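One chain, subunit A, appears in both complexes that follow, with subunit B as partner in the first and subunit C in the second.
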Partner chain A sequence: MADEKKTVDPEKEKRKIKSVRRMKEIMTAYYIDAKNAGKSGRKVAWITSGGPVEPLIAMDVIPVYPENHGAMIGASKMGAVLCAKAEETGYSRDLCSYARSDIGASLTNGGPIGGLPAPDFLVCCNNICGTVLKWYEVQARKYNVPLFFFDTPFIHTDFTEDARKYVRTQVDEYIGFLEQACGRKMDYGRMEEVGRLSVKAQRLWRDVLETCAHSPAPMTAFDAFFHLALIVTLRGTRVVVDYYTELLAELRDRIARGISMVPDEKYRLIWDNLPVWYKTKWLSDKFAEHHACLVADTYCSAWSGVLDLIDENNFLESMATAYPSIYINVSIDRMFVILKNMLVKYRADGLVMHSNRSCKPYSLGQYDLQKMVMKELGIPVLIIEADMVDERSFSESQIETRIDAFMEVLKQGR
Partner chain B sequence: MEAMEFLRGVAADPHAYARKWKSSGGGRVVGYFCTYTPDELIRAAGCLPFRIFGSGGNMTRADAHLQSYSCSLVRGGLEEALSGRLDFLDATVFPHTCDSIQRLSDIWRLSACVPLHFDVVLPVKLNTASAGRYMVDVFKKFRSDLEGATGTGIDAEKISEEIRNSNRMKRILAGIYEARSADPLSISGGDVYSLIKSSMVMDRGEFIGLAEEVLAGLGPGASAGAGSLKRIVLAGGICSHPDVYSILERSGAHVVWDELCTGTRYFEGEISEKGDPVESLAARYMDRIVCPAKHSDIYARGKNIVRIARERKADGVIFILLKFCDPHAFDYPYMKESLDAGGIPSILLEIEEKLPPEGQLLTRLETFVSTL
Partner chain C sequence: MITAGIDIGSITAKALALSGNEILGSRVAFTGYNPEQAAADIFGALLAEIGIERASIGAVVSTGYGRNAVRFADRAITEIICHAAGAYFQDPSVRTVIDIGGQDSKIISIADGGRVRDFAMNDKCAAGTGRFLEVMSRAMEVPLDSFGEMSRRSKSPAPISNTCTVFAESEVISLISKGVQRQDILAGLHESIASRIASMAARIGVAAPVMMTGGVAKNGGLVDALERCLSVEISVTPNAQVNGALGAAVLAAGGLEKK
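Moving on, here comes the complex of A and B:
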């Protein structure tokens, strides 16, 4: 994920984001806590990346993210091996590689951290896909634990009042489920505080990402992919607010001192879809070679994309609108509006779309979005076919050729 | 049998049927992909619900919109629309089905040029009271949207009448399935396929009349040799390859029952004819054996396939799944395990736009059947 070189090159040293170290400490402490939950008596819940984590934090449950685990597996280049383990037990190779690698890891206690701590219960929210539902059903059977399914109706044209009421009722059902699973009542005062911290963290995360509106950008989307882990896993806690405050200060300081991540940044690109976790370094170097900086992406910004819909003083109520409204739970035309704003705001020269075999809700529709972007904004779009975790679906030479050709188009456009 | 001959023709060319229905003063034709579409409401509005099955290959236009890792139903359906072969459609309904069909709905709305588009965003969760209430709300809204779009009032009595018709159809199809289960040679797998497929594209009254004739005409098959045939249950989603049945029959087996969306999951479970008809419809969709793209009891499908195999004295189960159908592919290992635990052999056939070469498929099926 983050770039770390053994030999010290002062030029490279200057460009490194120093907060990375703190981030690694926090994530390590978090996983140690989670792995030791049995000793501390705290409950462990597995939850989807788009799921409502705040009530878990308020109930002092440790949230564990199989998707974050999948990203770690991918970044550790252990994806193909663990996916193959799941395939041996009958899961098709065409299924999501987060799911396959997580299932593979849970069958073998494999992967970079020796498998996730077993869950006491599962919380699945389908605002990111229907795949998580099937994946969590698999794990609910395997671990024989309760599954709470938070159902967020997809928004094609409108989010209806009927749908809002349905989701609002589920917020109460969810809290009831947690109270039963934890054997104690929700402290609504604590919940309010967690809600406020969550909103605060989302604002800081938005501000962190928006530092890249500056030219040259103080970091790239590849850095954002790394720093993302906290807003996903622990939002609603103080540590996230403190960390992003620190990171934001560092990035602003970089801007003030003229430190860019990509030396001699000439081209500004936007990334669409999940990262290619096992190739972030390679892709980052590849684009940097062309003086191209990935200044923003549609993925990381999803965790601050619904701020306008959240009322920090009425968090539980506004959850019912905010959670169904996130980026990939909306139609292609709604996504285009968000994407267009991003392309304009970041003054992008091009768009790079990762057509991700693992993620149909994110990837199907990209061809249409590509045409809309080219037609309405006249911005070139590159689509690369790959997969987020399963490195068997990555053709390096082919992708390299396509990136080089795309950059050639951008250079000629100047 | 003339009735069966007619139904075979409809199944072979459903487009011709819909065009003819429309030109002879029928009304509007409403396309759909998923059997969670409340077709009784569509019929009550005087329209013909028309299930879209994909194109069976030759993708040229859909590839400009959909990656190669979309299933053949989604790509094939879009191909049908973009090539103009569905130009008789007045509307399309998308009840939220799966990740792929969810995106297909967007692409369809933006590119397929069908005049009316309805997203009927059903709950994915089907085992709570609040989801049940939301289902009713969604159906009520669909009813009023349909009324607005067609300018036709849909009164409760019309819906009740369609519910009674649906139940009649369900009983006839169940009767045909029972007859086949009792005597596998009484009707061919291909004919049962034609019956199910035509039920999903035809005027209901007309279908009921023909299907009743078929049922009444079912006599004992040429039962010589029936005892040596292996009894097979099909499991999966949509089976739109009638050739599978004849190849299977040549391999020494016969389908006696199924757990398909184009089969029992479509017709099993009658709709209550009492109380508010929209609530009755919603209740039936909440209760039916769950589609893997929906959530209910997480053991239900495993238990159901074992129950079916036992009740139908099946020698084996064939999973017939569309490649790239994620919901089914996720359920497959656990359903297979459930069957293994019950000592019931199974095999998986993964199907794309076109079936594998006939010889290859026959060899696989013969090998499986010979082990039973």
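Moving on, here comes the complex of A and C:
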């Protein structure tokens, strides 16, 4: 109402990240483009979050991410309803809630944006899990469109030369598939440019995340979860590079001016696994109440974690090594090395692991990692059970007790 | 200074008053659907029982699931810290506390000085908690208070393979229909809970001496099963059920606080 003035808390206002607004504009424009692809004559491809998107960008295809859509469904607290829709048609409740909510949304055109635009083809990369194989098969059948599988062998110990060759062959097959689906040839000059922009964006994303190595941290992992959408969806485009440049400048400015996200930051924690999308605000407030800041997480950093393996001047070649090497496609021993470096680098006081009912590949092994972290680093670990999208798997009072107790123990230890 | 601890659990509410090292009195009641009311009621009843004015209570700490609903408390502290403090108050040599509450079971590892070193709690599922036993009590038509004594008469505990409350209930019903003796089913249930607790305990390690707290500690049959499963002796004090409230009262008095 007009006469009801919103009271603005200057303290809170100061802490808000101003770039958020621009990010929202970009994401809105992206989804409007995608939804209007039919009119503009551009092709739409659905692709998995860990999939090689750069060739799509080079072919001027609009990439659409059911998983990002799932995150939006979760954040809008529409997950349970859409998951239930999928369950009604026979899908098990044990199936990943990204898959269930996506299937539910495509059956009903439900969700915060009224469903995703129908795909012209699908690209599925199994470097994140095996669930996506069947999920994408289901959707390819439903929309009756072609599907390309990009198969990335799991890395138990080392990434062998044979495995690399196997993946490298698929890069060419992938491009062949795209050329056929789009009815024109790949412009390799353009592809090189996209590859460079992708690497640039990943570097910026890494730098954005690493601003939190500073204490107090200028943002938290909850903010990173929000800003993540761009590196996932549109890496390889100019807009991502521009946006993260702006965001990075803002975060550095916050550091210079001593603006932290958590008032009076006393404890620095690392988060593991996907966010709990429908509870980010609650969790963020809960930790802040204990003066705890989630300074980094294994999830967001997965989109810059293989930078060292990419050669920006030889993108297609190095892609064959980089894509299979991401965080959850490797053994627990390798995950531990990454986790350990993160705990040390960010000077973490504790680790919070989200045992995610949906995401088995991410959650399997967490108890082992917990033991390894406690033994080698002596850092306390909290495991909370939830689900990223399906709020029926979240028990607020149980989780509250676990977080409160964990923080009390940390405080006692000081 | 006289202090009080109020423990609002998911099933029962507990209140206890402490003066120095002396427990002045304690009470237990059902929580019901309104934790705020339950807290006010039990605190009033406790004061009446020990004949002390509200104004003479120097500090109140609340704990348990309803801890934030206790408006009159000076501080809310989780059950983990309170159970550790309560156990430590009763016996400073205790290094591990097993607490089985209404919807949570927990293992708490205590460091020298009564600090919590580490803890493990059940996952979301209610298996192995007080609720589980309540459901079984209904299915078996045996009052909870008789579980311990009855199960101790068992010579061959029936294996219960399901730890899920719902599936275990149907398993129990099928055992009943097969004519398996009630004491054997009860003993089997205790073993299944004990093995679940044992796997949780393995996560943080069990150091002796071990004390069991919470209302479920009154069930001697379960304590026996836990002792066998963990190969360790477990002590249970008469204050087991009010141990959380006791710890809260100890903490209200500034016990364990870092000076």
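In this section, the second predicted complex is superposed on the first by the 407 of 414 C-alpha atoms of A that agree within 3 Å, B and C clash if a C-alpha of one lies under 4 Å from a C-alpha of the other, contacts with A are read in each partner's own complex, and residues count from 1 in each chain.
Definition applied: contacts are C-beta pairs under 8 Å (C-beta built on N, C-alpha and C of every residue); 3 or more make two chains touch, one makes a residue touch a chain.
Remember, predicted model here, so these are calculated numbers, not experimental data.
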item: First (subunit B), second (subunit C), both or neither touched by A:Thr89; value: first
item: Touched partner set for A:Asp404, first subunit B, second subunit C, both or neither; value: second
item: Partner chain(s) touched by A:Asp60 [first = subunit B, second = subunit C, both, neither]; value: neither
item: Contacts of A:Glu137 with subunit B and subunit C, given as first, second, both or neither; value: first
item: Contacts of A:Gln412 with subunit B and subunit C, given as first, second, both or neither; value: second
item: Subunit B versus subunit C as contact partner of A:Tyr367, first or second or both or neither; value: both
item: When both partners are placed on the shared chain, which of subunit B and subunit C touches more of subunit A; value: B
item: Which superposed partner A:Leu147 touches (first subunit B, second subunit C, both, neither); value: first
item: Contacts of A:Glu173 with subunit B and subunit C, given as first, second, both or neither; value: first
item: Overlap of subunit C and subunit B interfaces on subunit A (superposed complexes); value: 355, 367, 385
item: Residue ranges of subunit A in contact with subunit C within the complex; value: 355, 367, 370-371, 374, 380, 385, 393, 395, 397-398, 401-402, 404-405, 408-409, 412-413
item: Complex interface listing, subunit C residues touching subunit A; value: 65, 77-81, 103-104, 115-116, 118-119, 121, 123-124, 203, 256, 258
item: For the subunit B and subunit A complex, residues of the former touching the latter; value: 64-67, 69-70, 74, 94, 96, 98-100, 102-107, 109-111, 119, 121, 123-125, 128, 130-131, 133-134, 137-138, 141, 292-293, 295, 298-299, 323-324, 326-327, 329-334, 336, 350
item: Parts of subunit A lying in touch with subunit B, wherever the complex brings them together; value: 89-92, 94-96, 99, 126, 129-131, 133-135, 137-138, 140-141, 147, 149, 151, 153-154, 156-157, 160, 162-163, 165-166, 169-170, 173, 331-333, 355, 357, 360-361, 363-368, 385
